[in-house]
Amino acid sequence: MNEPATVRDEDERLARERRKIARDGPKLNGAKLEARLGQTWRRPPGILGWLATVDHKEIGRRYIITALLFLAAGGVLALLMRLQLARPDNNLIGAQRYNELFTMHGSTMMFLFAVPVMEGVAVYIIPLMVGTRSTAFPRLNAFSYYMYLFGGLMLWIAFALNIGPDIGWFAYTPLSGPQFSPGKRADIWAQMITFTEVAALAAAVVLFCTILKTRAPGMTLARMPLFAWAMLVVAVMIIFSMPSVALASSMLISDRLVGTQFYNSFEHGDALLWQHLFWFFGHPEVYIIFLPATGFVSVITETFCRRPIFAYPIVVLSLVSTGILAFGLWVHHMFATGLPRVGYSFYTAASMTVAIPTALQIFCWLATMWDGRPRLAVPMLYVIGFIVTFVIGGLTGVIIASVPLDLELHDTYFIVAHFHYVLIGGAVFPLLGIITYWYPKITGRMMSERLGKIDFWMIFLGFQLAFFPMHFAGLLGMPRRVYTYPAGLGLELPNLLSTIGAFVVASAVLLFVVNGIVSLYRGAVATANPWGAASLEWATSSPPPVYNFAHIPVVESRTPLWDMVGELPVVTGLRVDDKEMLLTTVVAATPDVREPVPEPSLWPFIASVAVGIFFISSIFSPWAVVFGAIPSAIALIAWFWPKEIKRHPEPVIS
Amino acid sequence: MRRRAGALVALLPLLGACSYQHYQSAFGNAAVEARQFNILFVIFLVVCATMYLAVIGFLIAGLMRRRRTGNANVIEDRRHHESDPLMRSGLIGWAALVGSGLVALAIASFVADRSMAGAAAHEQLSITLTANQWWWDAQYNAADSSKTFHTANELHLPVGVPVRILLNSNDVIHSFWVPSLAGKQDLIPGRQNDISITPRKVGLFRGQCAEFCGAQHAHMALVVEVESYADFLKWWRHQLQPAPSPATPLALAGYNFVTGRNCSACHAIGGTPAGGTVGPDLTHFASRRSIAAGTMAMSTGNLYGWVADPQALKPGTKMPTIGLEPDQLHAVVAYLETLQ
Amino acid sequence: MIPAPRFTDSVADLPTYKFGPSSLTWWGIIGYMVIEGAAFALAFAAYFFLMGHEQGWPPEGRPPPDLLAGTLFTIVILLSEIPNTMIKRAAEKRDVAAIRALMPVIVGIGALLLLIRAFEFNSLNCRWTDNAYASIIWALLLLHTAHILTDWIDTIVLWMLMRTDLGWEGRRLVDTDENSLYWRYVWLLWLPIYLMIYWVPRL
Amino acid sequence: MSLPFRASLAAVALVALVLGACNREERHSRSKPVGEMVPAGQSPDTIWPGGTQPPPLDPRAALYDNNAPAISEGQFLYSRMNCVGCHAHGGGGMGPALMDDQWRYGGRIDQIAASIAEGRPNGMPSWRAKLTSDQIWKLAAYVRSLSGQPSKDAVGSRADAMSAAPPQTLTPHQPVRPSDTAQQ
């Protein structure tokens, strides 16, 4: 042990040494700097390096691609369901299989597509947007991705092995309980929840800290891009809501595996406990999916209308208030369960109130178009499609917020129409728009404009054809989750139209994928800032270098790239011989700490494998909790155990 | 253009609906409760449509006002932070408009809700409806227990008489929903819910379980016949009668099989040894309109099919495929058809 | 093209670690505290939700858990805050020697707590399969035990770490600081659980 | 890019590995015609003369033995056919206990099915006329599960009812003694 005389002396020695270290700045910049940074930040080559990477851009890309693959898979299930429902008393798909189909469709879309894809986009773009070199906790970020991947694979492999869940994505007890769901189908579903919760919560913490602590100097909260604001709110919502479903599904598993009585109303439990816990998560979930999309819309509108979003503070406030209100609405999923009627009125009021912030946001976007010079490029078309479609969904939402109306419409195809208008119109349209928008930044090439426009119209019209008739199917008395319906109720026509529309949408999505793949090789090469946008992710090359920015930019307004005169102000002095990022203060974003960035490591991957084995085996034996926890603990310790101090004078945690 | 397409799509199913006499439609308007729904729905529809038109109008105006063509992405120097003062007042106006609209709707909804609760006060007929996977057991309650009886998958209600239906479940959560009469109410094991209905139209209405309840959720329907008070009394008295004894030798053979063999393990038939409680009560089975909770219409052919192989027609139903010999099948069907 | 840089000031002299809200890990830990706090809050809600339906609590006139083990546990965990605070202070004063001296104490206390906890499970007077009441109190106790266990292991690892040269690194002091913070959180969580398991059934 | 490829590869491998091991979950809505299932000369659900070694296991056993839906439907019948009346929830009462390792008439599923179908002396009625062979086999599968015979992955922990017995997922496995497979 070489104990120094005192810590003070040690500090002075370090301070002296520091002066010698190579840092970016006037003396060291341009190609020379970029070469050295590239050297420092590159990840080890080969398959191991691929697994060990902590680069937020790689992880974000994997997140997005995986989520889109799950979207495709879930879409295929939807087509199968539409085929079965194309005509009355159809026998194409049996009851059991159909129940598995809609369970898989719902679970895949909610847990394996919608939330992860938003997180993926954020993980990729947020660090660029706030002008830093890495996310906070990049290893946790990698871990989050692998947990998500394994959860999804488990669900789909189980489905392929005919152990797919058949209890609906909401898994109401007692139907999902030990007596009425024999076998392991329900456990597979519940454990998939655990996987995706762990992943989503990790990603939420990563984004939360990245947005609060790593913003470029001068990017005060009041200058933060609206997408960053949306993701900040979403991260907090995830942190508060997802523990609820994790708790509920753990209780379900223990009911099924070790005979606890949480949901058994004959042993002082209560079947409704599940619904309360599930919807306390389930309703915020909808906004967790929707708010990032509003961020997309703000980004696109700003760029293509050449105007900062109108009434920025109002938009921020409505994001925050939506996030808060979302936790007060869950009971409106339970209007038919016979809870006290008077209590319902409160939730009706709350459910209607949540429409106000959204309405204000919509006004702000429209006002931005009014003020600006809108250009109808493909991303902008998707924004228009978003408004035309989402507003319908929002208004039907107001309709079903009313108790007397909901009692008729609840669990009918009217609801199916409503939430597809909200989720596809409100989240998927902006997502497609933002993919087109950020595609050049991610790949360095532009997507085909012509194909893009055809595609938009196919998706948009196909969607209306598929889902508008469902409103009528519901009003004509078609309940959800039925694998067939009798002739003579007037349901034939709406269902047929929906099926046709579904196939139009599917082919359009296929075209989108084709466009994406072709443009990857044939697309026009993109400049650093092809859209002439205002935010920092466009201040670096497309695709960005592994270290994102050669110098950390300084922000002086809400639209830095529009307001800079000629040159972009930057701060200097980060190490180039070692991975380092700049921490700033939470509100004012003044430089605070030079944070060493962890090296690439295999341990996050190994840990996720260990935890995965732990989770899956605990479906089959309660003892897995014991023997599964040990390897997980070892992996986590190895993950956090720092290497020997090899780089004086500034040892780096890694 | 896109909205015209939407309207077109909207129209077609509507026509399809009108041609159909609201057998299972929420617009059936056949009870006080359903009427409440219709009025309220129209109010909401009008308000929401107005809001929607406002948004779309503003959208089109905003897009057309200073639309750019071509691919130039330049920003207008030092003007890109300006905004039309009109918009500031517009924002306030918009907030006020949306707020007041929502308040109006909330009040309308609340009033409707209260008035329904009020209607529930004084019922004159009480029915206990118990849901099973996947059929409905109905018990018509009466003060004197000899006057209570069971029937299944078919309710008869007198027009204009407030009826209170008590809702229980024997297994999982189901939901009672007859769209033309009233909104839905869940049947939850270990809890008792209830729903009040005051029919205002004579007619035949179909209902269906509205909460996913397992494999055959799609085949868990029930028929509600609303009839004049006299007809209802006639039906009610008839239901109290035991099953008629078999007349023909074939029916007698069927009687012997039904009461002596598998059937009686699950089904009860009033006035016979058959006293099972697992399946629907068959006392007046043949007088009902459908077989197996709305899976198929009551007809000799369907009855043959159902008795011969229920698992083929409603896979997973609790009723087993017994594998009857042809003569047994003939006899059983013959007997069942006497259960008027 | 990428905009040309205009060099403003330099961050070269900023520290590479700070305590409290300036540290990234502090925010991370707060994040996870909130997550677990939410889970516990919902478990509490479930507890009172189930209790709400009942005439008697525990139902069916079962005896409530015996007080001895739980109370003992509460006293010990409250006392453990003394060495915990000392470690926190030492970390902020960057007094590595003191940390090395105190770590074994807190680890020992953790071991003792786990031992007492074993007896607690025996003094609940019910099995988790008996009814929902039994299930929920077992769940609460297990959830908390999981936290004790993980933080105990975490502390051992940190102790080992501090005894190496790495202990001299500033970031380790931050870790120690935040480990103490987390321990505070764990015993704060215990107090409501103690009341719900041992005293609410006696009301 | 290579990730989805790798993922699908893993999926395919796993499918190949575990496929066929999964009739645990398959729902059989009706029994196959007896002719298909049972070798000629051996009638289903019957007692063979005492003393002699029992014939090989009835092939139908495979359909019911570790089949989760079958066991669960057996549980439904067990309560609805009022087996509880005599055997309680496996603990036994007027009739013998079913949770222990004592099998008077054999602990093999086809032997249990035979006992249910034919009835036994001292009060066990014959169910052949009341239940189909499919139902009887499902009942037998459940009865067998009461003594922890089938794999723990196929049984449910508890019913949604008053908890009368410890969770089946935790009941210790009671091996069927060879003497029990022979007839007494």
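Which chain is which? They are A, B, C and D, in the order written, and residues in each are numbered from 1.
By definition in this document, a residue touches a chain if its C-beta (ideal position, glycine included) is under 8 Å from a C-beta of that chain, and two chains touch if they have at least 3 such contacts.
Just so we're clear, the structure is a prediction, and the values are computed from it rather than from any experiment.
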Central chain of the complex, centres being mean CA coordinates: A
Between the pairs C-D and A-D, the one where more C-beta pairs touch: A-D
Chain separated most widely from subunit A, comparing mean CA positions: D
Distance from the mean Cα position of subunit D to that of subunit C, given in whole angstrom: 47
Subunit A-subunit D separation of Cα centroids, rounded to whole Å: 46
Cα-centroid distance, subunit B relative to subunit D, in whole angstrom: 38
Geometric centre distance via CA averages, subunit C-subunit A, whole Å: 30
Residue list for subunit A, restricted to those that touch at least two other chains: 96, 174, 180, 258-259, 261, 264-267, 270
Residue numbers of subunit D (touch at least two other chains): 27, 158, 160, 163, 166-167
In subunit B, residues with contacts to at least two other chains: 171, 189, 215, 315-316
Pairs of chains satisfying the touch condition: A-B, A-C, A-D, B-D, C-D
Residues of subunit C touching subunit D in the complex: 129-131
Complex interface listing, subunit D residues touching subunit C: 158, 163, 166-167
Touch list for subunit A against partner subunit D, complex: 50, 62, 65-66, 69, 96, 149, 153, 156-157, 160-163, 174, 177-180, 182-185, 255-259, 261, 264-267, 620-621
Complex contacts: residues of subunit D adjacent to subunit B: 27, 29-30, 33, 76, 80-81, 129-132, 134-135, 160
Of subunit D, residues touching subunit A in the complex: 1-4, 7, 10-11, 14-15, 18-19, 22, 24-27, 68-69, 71-72, 75, 152-154, 156-163, 166-167, 169-170
